[in-house]
Each structure stands twice: as structure tokens, then as C-alpha cells.
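The letters A, B, C and D name the chains in turn, as written, and every chain counts its residues from 1.
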């Protein structure tokens, strides 16, 4: 077992005829992911890398009733509609690769997804991988290896470097999840930490956050309740201070959003915070050995 | 016990400073109904018949946390907003006296009410009365007397004549509900029949429908399952045939909507159909005596 | 409120739903036939369907042919409507006939989009026999139509490739029209695909919500306002319309002066049931003014066919005292000779009673044929007495 | 994307949110001071708050006084921004200062309307100490603001009687603005009630969603387009902006050529951690073109402060082969003398490796100071080596 996807997961690619989507459809198929269909309106009947293209998600679902996961590769202005289409057609998990989706669009899609109990991951996620079983998105397979560490990060490249760093130290991953780099995310740290906490194939979690936003702080109270160790890596300590707008943001978010506020919230709630990438496997080992 | 309202029900009047609402606030108070507040935006602080006027329903609810029923007397263009305001402020039943509310407005208000499990009665309802206990709306008290017959009708005046006819024959009412004359109703026959079926103080039900719409036909299958006798009175047998538009209506509604289709659906499902007003108490007596 | 096809198509055009090029022609502008590119289809404008079978939709290859057909159609009666205009449209070559409609579904209480790959005159038969599927797409009230929903409908219409987008666009525009104009129905049957791959609304049926007209001043600018839809209006019906009174002439002799639309319908049934013949249907609306009540009585008094007047007021939102004042004033001013058998009960009944009693004392001669019963007389007895009076008057 | 107060107020006006009469003045249009009705308030235009305390908001009773103050403000530095415009507004007499804002709440993921009966500079203090309640009104994303909701907010602002309607109208318009312009924040602090009972936005703060600019061509027509918000831009930053590259100059000696924004931030941290000094922050975006990659390298090469370049590509959506091609072409065309220590791993790594190896064989002299490590070298080793190279170069 892994979280969110496994080797039986059937998946579709929305926007499959785009060049990036087409290349990564090939990579996913090579990895063993069951890509059963693609969707591009007006291009129904074509095929991409041997995968049949449909005009609508519902057309695809008629022929593939077991598909539960869609990945979204369409341009940002069409992302909201593509997400809603997948939700209405019955997808349970929607992995949004598209980046820079308008904030109001994503708020709305997220709202509909929550009402329908659908998980959106992203936008601007590299996707997720359960090494050796399934890959949805565009993560480079070389970075990952099967194992018992869950990872969850906002940045795609940081996800790869962490897995890389873990692999070099002999730690494989149960599942690696990219939350996405957009400001509004369908799934946040807490959601994924909960899944890892319950997953019998995961022993510990590495979470990587960064300056900006509130998701790291919001996850902190849950970490306190977790039985599994959490190693956190927060970037942006050296970044120039971000902007602030008016009083409204401060009223709502208080002092959240800096690297320092995130590190403090995580440490106070029992996460072990790494300073560098190479420190991560070391701290992980300590935590798992109980020597920490 | 009666259905929907009883002597403990606290109620507010939206649009209380209008002339009709003001007169009927007086009548309701005289009847013993607990009218605890009125609402007219911009007129907060005034009072009508000794009832305090508030700017918003929420302001009123702060001072009267037990109020659960609102009646709506505002002009049609403000009705949708007034209904939604009452729903959001926590009202459980909204009695819409206003008539000729735009269809799309009422569809929306009805949709929100169903989501929030709020009962809307009307639009264009005369209201409802549990004789001797409470009256919300503008029904003339003289028409009604306490007893054990439930009545439910679309037309206000027909409601009065039926109660009148029942009273002259010695039958009082547990509750008399006016569904309302607008084309889209918040509550339909079936909803009210269910309440009467469960009400220990109701022995039988008189329902009065009329040509047009589909609510009578939709209620028929439920009548089949009822233990209590239902006497139905359908008007419009002599009315000129109504219009029909295109094929769309026919595709959706089939042959529903005529007096004949309603009478047939009701009789097939066990209702006893009266030809005249005076026949109603006679058929009721037969049904209750089991001699029918 | 139903629109004529040409009115509906004007709105379609505004909203970007494509329709064939067309001109509306009546007797006054036959000259416009010169502006038309032939061949054309000539369609008589009437609310009532079945035009095809009645010969009111015809093709013409040239101006002379068209003019002859039009002159032949104008003035004809179609199910109670006099044809006074035709719509002339350029003929198009049709590849496929589809069906598309947005409707307020009164069963589910939701907007409903219906679509079928087969449209045209036999759509009801298709629906009944399910020979071609009709996709029903429900939306939550107030919801926007998302692009993918429009595509799903277009896909169900069998539109592929570039046409998928055009079809979705048509669905979008029709749904927008449905919402923006407060429609009860917006139907295109047939929606056609032409031989040059255009999507056109060949027919257009729109039913607007009368109760939402207040927020559509643009319709009035377009000359679309409340209208009488069933048959030609009588003079009395026209007068009633101007006075804001829903009124329909029937062919009996008992004038009906009821309170409320619902009881108006009931009283017609009851009069027939007891062997009488109602002269009219009438509705006072919620709380009529005294002026309106007097106008209502005037309609009955002026109708020579009316031999007796049945009146009823069960005071709810409308009060008995107001009603009594209006009735008394009417009687004093118009000195009716016809019997008026009425009943008054409900809110402010006592006050109303006093007004009537005082009038009787003041003007005994005017009240000889006038009776106003109270709560304790069943309404059906009042109806029966009115029927007897009408029979007496006729003798 | 933050707007200047005068830009925000232009949008306010368009949407019917009342603002004081005002003129924007820079050195080029001081003559417009003649058009102003005195007394006025002069407000320096800057993104950064704290203008009051910095003496950048002042009152003037006449033209001479105003001119002197303005000349004094123009050119001044305020937290890294040079003041080049002021907004001059007619002075109003304030009865009450209120607070009103609509914001994307990132905790609840909903639009949030906040209102308080006390506004002004101490609003954060009010929020912290709860001395005056701040009403938080959440809306479902995509939901319309119903009239009653606007009234509830206006009522919380303490507006009564006729002002209730005016206040609700302002709330409506601000919320519409928030939705129509894809705002992250639309804030009025203070919203004032004047002595003649007008409701005016005395200040205006708007933060737009950069990612939604594509659907707001009207903003570009108004002269509002993407801008650099933090401090004055350096020449390199201006060049980067034109090339569509998020880029910030820092004051170190290691040029950072990362893949992805997230790792760009991480690499700056790591360079500092290991004792180096980054010269810049840069973001390639999702899948940069080869042209963009070369422009990114050009920015670093042309910067005399950069002694060594650190590069990293972990190919996800961006492929190693594309990256390798761009890097090789850049090297061949520009013959860089600075050390470039890089690492390439991920999708299409093998293909990328072949491109680099071939280039090394073809142009051995160009690759003397250039290293491209692979998957098996930890990224931190690459960073450390770059730091060492930079130190060597400086000697």
C-alpha cells in the first residue's frame, strides 16, 4: 500500500495533446502507470502514445468506468473548467500540473472539490509517485526509489533533491507528494501528513516547506498528535523579506508566512527541522533509531 | 400538537412597515401569535403595533434567539433576498406571503432552503393556521375552528371556503396550510401530507388543488402509502384549456397539468375526490366512519 | 409569456445564437420582399403550434410566389389567432436536425438542458418511444454553466472536431439567454447543421416569466410586453387588460366577481356543476384597490349577456370593509338593475357588514335585487340562488 | 500585484466606490495644482505603508504651500522606493473612520469581508486587542453577495437609516470589484463618514492576482500592468523583467542558475549556509525555452560581481536534453571565462549527458572551467565546489 495512488490506479490525462503532457504520458506509461485515456476537446478520436483521446471526460468514463485519477495539463485559463469537469465525471483525485492558475479560479475549484469529497493536488504540482508502482505527473523517476519514507513538499525540484538525498543515504520512499507551488493549493501539508500517519507502509515523513503562505503553520498542531517522526526542511531563510499588503492580511494571518515563523511552529510541535538537504537523512536516521 | 407552528412558535415579520404586513401583524398578535420582531432595512428602531423593527434579521435574532419562523411580506423584487436573509439568520420555516415572485428567484431560494433543511411555504401563500394556537399569515380567523382535520390547498380563498364548509358540518382543523398560488412553491402537497400523516392530532386530510402545475400528480404516489384518509378537491374542470409551449414542456411533464390528469392520479392512488365544496365534509364523514 | 418566433429570434440574435437571415412581413411592408434573397421559407407568426400541418409554413422560389403565399396566409385564422405577420427566411440546406432546449423543470425544480441528435416535428414521439436518447442535463438554480457542461451537451448533439466548440458556444448562449431574460422555456427545434457546417436555430420558442418583466426594460424597448396569448381578445378582454385585471370572456349568463384567482376557477366549476353558465373568468389579484373592484363590477354590468352577478369575498389580505365600500359606491353610482347575489366573510367582516347595512337604509330602492350573505350561508347556496336569479331574469 | 493608491482609486471610481476628488501630480504636471480646490491632503504614492509616520501625508491650505510640500516629497526615498508622484485630494471633514476590506482568506480558502466601526492606522492593534469587534463575513467561492449580506456588513459598520443603504451599496461595489478584478485584497482604511453624511474611501489598497491579468485587458488600458514591487529595479532586474524572468539582484558573488522557483530559494539558503554569497535570485518557471535559459545565463555572465556560476537542473517537466542544448549553445556563443559548476539529473538525463560530452570533445578549450555533475553527486557538494571556485577567482 502507498497513499493516494497505487499500481491498480487508472488515470487520465486532461490536455493530453499538449507537448509536455504527451511526453509525460509516455514516461508515465513506461513507468507502468495505467493511463487509460486522454482528453482534449475537439480532438476526440486521435491518439497520443497509444492512448485514446476523447472530447470530454464523460465520454472517456463511459469506456473506462474504473478510472479515478485525472491529471490536468491544460493552460491556466482552462484549468478551473478542466478540474470541475473531472470532478463532475466522478474522478476522486485530480492532480493539477498546470501552474499559475488564477487564485479565484482555484478557490472555486477547491470549494467544489471539498463539497464532493474529491482530492485536488496542486496547482503547479509535479505530481506524485509511489516508487515502483505508479507515477502521476512529471517527476523524474531517477530521483526516487521504493522504501518506507513519505515525502511531501511544495516545490517540485526540492521534492527531487530530497528523494535524491534520501536515496543516496539508503532511504527509499513509500510515496512522494508534490503539493504544488501555486498560492492556493487543493491539498495541504496536514492532509498528506494524515494519510502518511495512517499508512502502514510509511515509517516517517519528510516535509519541505518554504517562505510564504500559511500551510506549514497550519499543519503544526497535527504534527503534535502524530506517532511517526516528521523531519521538516524550510527554505527561504536567506530570501529577501516578502511584501505585505495593508492591514487586511495581517488581521487574518497574523505573523505567519516567514521561514522563522514556520520553523518555530514546526519545532514547537515536535518536528525535527533540518538545516540542509544532507542533514535530512541524518536526522531521519536518528529519529528512526530513537536516538534523537 | 399541530404541524409546522404551535402556540410556542416565535415569529418575525419581514417587511413589517408595509401596510398589509402591519394590519396582519395586528391580527396575528390578536390571535395570540408570538410576533417578536419585524424587519425593514433602514427603519430599525421604529415600532409597528408594539413590535420592534430591526434593520436586519440577524439584529433581531440577537435579541430573540428562539425565533424560528419568518413571514415575508416584501415586494416581489426583494423576496428572494428576504428569504435568503431569513435562512442565513437561522429561521427554520419561512412563510412567503409575497406573490408573483420571479420563477428563477424562487428556484434559487428553494434550492438554498433545501440545502439548509429549511421549509419555505409559498410564494403567494395566505399562510397557515393551527386554530386556537397560532396563525402566521393573513388567513381570516373566522373561517377556522380547532379540530382534527388537516387541510392543504394552493388557493387562499379555497382554503377559507373549505374550512368554512368543514366548520358548518362540525369538523374543525388541526392545521390549515396554504401552499400558495405562485408557480414555483417551496413546499408541495406531498411535504404537507407527510406531516399530517405523522401528526397524532390529525385524523384525515383535505387537499385542494387546481389546474396547472404538477404538484397534485407528484403527491399521488405518497397518498397510496398513507393510513389516513385523503379527500381531494380539484378545481379547473370547467376552465378554458391552458396554453402549451413547444415540445420542451411536454417532454418533461408529459400529460400532467389538467384537472382530469390530477383527478385520475389522485383517485388511482386512493384519494376520494369531491365534486363540490359541500361534498367534502360528507365524504370526510364517510371515510372516517369507514363506510366509504 | 410566449413570444412570437420572430421576437424570440431577435433575442437569439442579440445573444449571439445564429438564426437564418430573415425579415418580418405584414400587409404594411410587402415592399420589403425586394430585400430578400430567394429561395425563402415563409412562416406565419402564431403562438400556437401545428403550423406545418396547417399549411402555414411554405417555401417560395421567387418574389411573385412568395407574395402570393403571404397574401394567402395573412388574415387566416389559426387555432383562434388571426395571422397578421409572416417571417421570411433565407432557405438553408440542412445536413442534420437536432434538438436543444433549456427549461425550468417543475418536477425537479432545476434548470434543465435537453438535447437530442434528432430534432424536428417528431421530437415528442422520440421522447415517448426513446428511439433516440434525449440527454437531460440538470443545473443547480443560480449555477453558472461551466464550459465543460456546454461541451458535454454539444457532444451529445453529435458535434465533433471544430463543431464541438461551435456547438458548446450555442449551448452557452442559449443558457445565458435563459437566465438573462428570465425564461421558463428557451427551445430550438430544430437546431440544424447546414451543409456548410454552420449551426443555426431554424425555429425559436421562448416563454418568458411575466413576473420578472420588471427587470427587463430592454424587452419593452424591443416592443415585447405583456400580451394576451390565447385567441383574439374581445373588447372587454382588452379593456380588462388595460385595467390590469386578468379576465376571460366565457359564453354564459352569470357574471362572476370572485375574490382570488383560485376561487375564481372554483366558482366557475361550481356554477357549471349546479347547472349554471358562467359568463367570465376573472381574478382580483392579492389585495385589489377599490377602483379595481369597481372596474371589475363594471365589466360585468356592461356585458348584456350577463343576467345575474355572483360575488364572493373571503377577506384575507383583502379586507371586507374595503370590499363593501367599493361595492356600495359602485351600486350608488351605477344603479345596477341586474340581480347581484353575494357573500362576504373574513377579516373585517363586521365593519363591512355595517357599511352594507347603512347603504341599504340610505338607498333601499337600489338594493332590491342585491343580497350580501354572511359567513353562515354556505357559498354553494349563494351560487345556486344566483343561477335561479339568472333564469328568472331571462324569462 | 499591488497598486498605487491612485491606481486603486481609479478602479474604485469605475466601480462606483466614492473617493475624494483628486489629481495625480508629478514634476511634469505641477501646473495641475491650479485645478485643485484647497485645502487639500497631499499623499506621496508608494507601495509601502507607514507614509504618515514618514511625513509623506500632509495637509496644505493653498497652492504655494502645496507646491512646496510636493517638491519636498518628490524624489525622496521611502523604504527603497523613490517617490515620483503624489495624489492630491480635497480635504473632507470626517465624522467617523471605519474599516472595510475584502480579502482572499488563505486559512479558510474563502473570500472574507471584514468590517469594523473603527478604522484608521491602529486597525491592527484593534484586531489584536479586540477593543472594537471586527466582523468577519465569509462567502463561498463563486457565490454572489446577496443584498442582505451587504446590509449585514453595513449594519456592523454602525450605519443606520438612509446610510444603511448607502453603506450596503459600498460593500456591494467593493465586493464586485474584488471579484471582477481578481483581487487578492481590496481594502478601504479608513472608509469615512463625512460631516455631510457621505461615505468615502479615504485610502485604497488593492492587490491583484498577477496570474489572472490575462483576463483584464482593461487594466492595461488604464496603464496598470505587471510591475516590480520591492524597491527600485536595477538595470539587470529591468532586463530580466522584459525577458519574463523573475530575478532579484543580491549582493554576493555566486550567480545562481537554478531550475524552479522552489529550488532557487533553497539554493540561496544552502549557499549562505556553506559560507558563500549568492548574487541573485532567479526562477526559470515551469518549462523554460532554450532562449530563456540562455538569457538567464547571460544575466549572470554580464554581472561583473559574479565570480562563479552555480547551475542545477533536475529534469521534471523541463527536460535535461533541452537544458544541455541551451547550456552548450550559450557556452559556444559566449565563451564564458567564469567557472560554471553545475549538476544535471532527471528526465532525459542520458540524452543531455551525450550533448555535454560531445561539446566537451568539440570545444575542449571552452570547458576548462565548466563542470556538469550527474545524479550521483549530492547537490550540496556542487554548491560547496562553486563557493570554492568563487573564492579562487577572487584571489
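Going forward, a contact is a pair of C-beta atoms (placed from the backbone, for glycine too) under 8 Å apart; a residue touches a chain by one contact, two chains touch by 3 or more.
All of these numbers come straight from a predicted model, not from anything done at the bench.
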Centroid comparison with chain B (C-alpha atoms), farthest chain: D
Turning angle required so that chain A lies on chain B, C-alpha fit (0 to 180°, nearest 5): 180
Between chain B and chain D, centroid-to-centroid distance (C-alpha), Å: 57
Chain A and chain D: spacing of chain centres that average the CA atoms, whole Å: 26
Distance between chain centroids, defined by C-alpha means - chain A, chain B (Å): 52
For chain D, residues contacting two or more additional chains: 142
Multi-partner residues of chain B (at least 2 other chains): none
Pairwise touch network: line, ring, star, complete, or other: ring
Interchain contacts (touch definition) - all pairs: A-C, A-D, B-C, B-D
Interfacial residue positions of chain C with respect to chain B in the complex: 2, 47, 49, 99, 101, 103-107, 109-112, 114, 123-124, 127, 134, 140-142, 179, 182, 184-185, 187, 189, 205, 207, 209-212, 214-215, 229-230, 248, 250, 258-263, 265-266, 268-273, 278, 281, 285-287, 312, 314-317, 319, 345-347, 349, 375-376, 378-380
Residues of chain D touching chain B in the complex: 146-149, 151-152, 155, 160-162, 164-165, 168
Residues of chain B that touch chain C when the two form their complex: 20, 23-24, 27, 76-77, 97, 99-105, 107-108, 110-111, 124, 126, 138-143, 153-158, 160-161, 164-165, 168, 181-184, 210-211, 213-214, 218, 235-240, 243-253, 275-278
List of chain B residues in touch with chain D within their complex: 41-45, 55-59, 78, 81-82, 84-85, 88
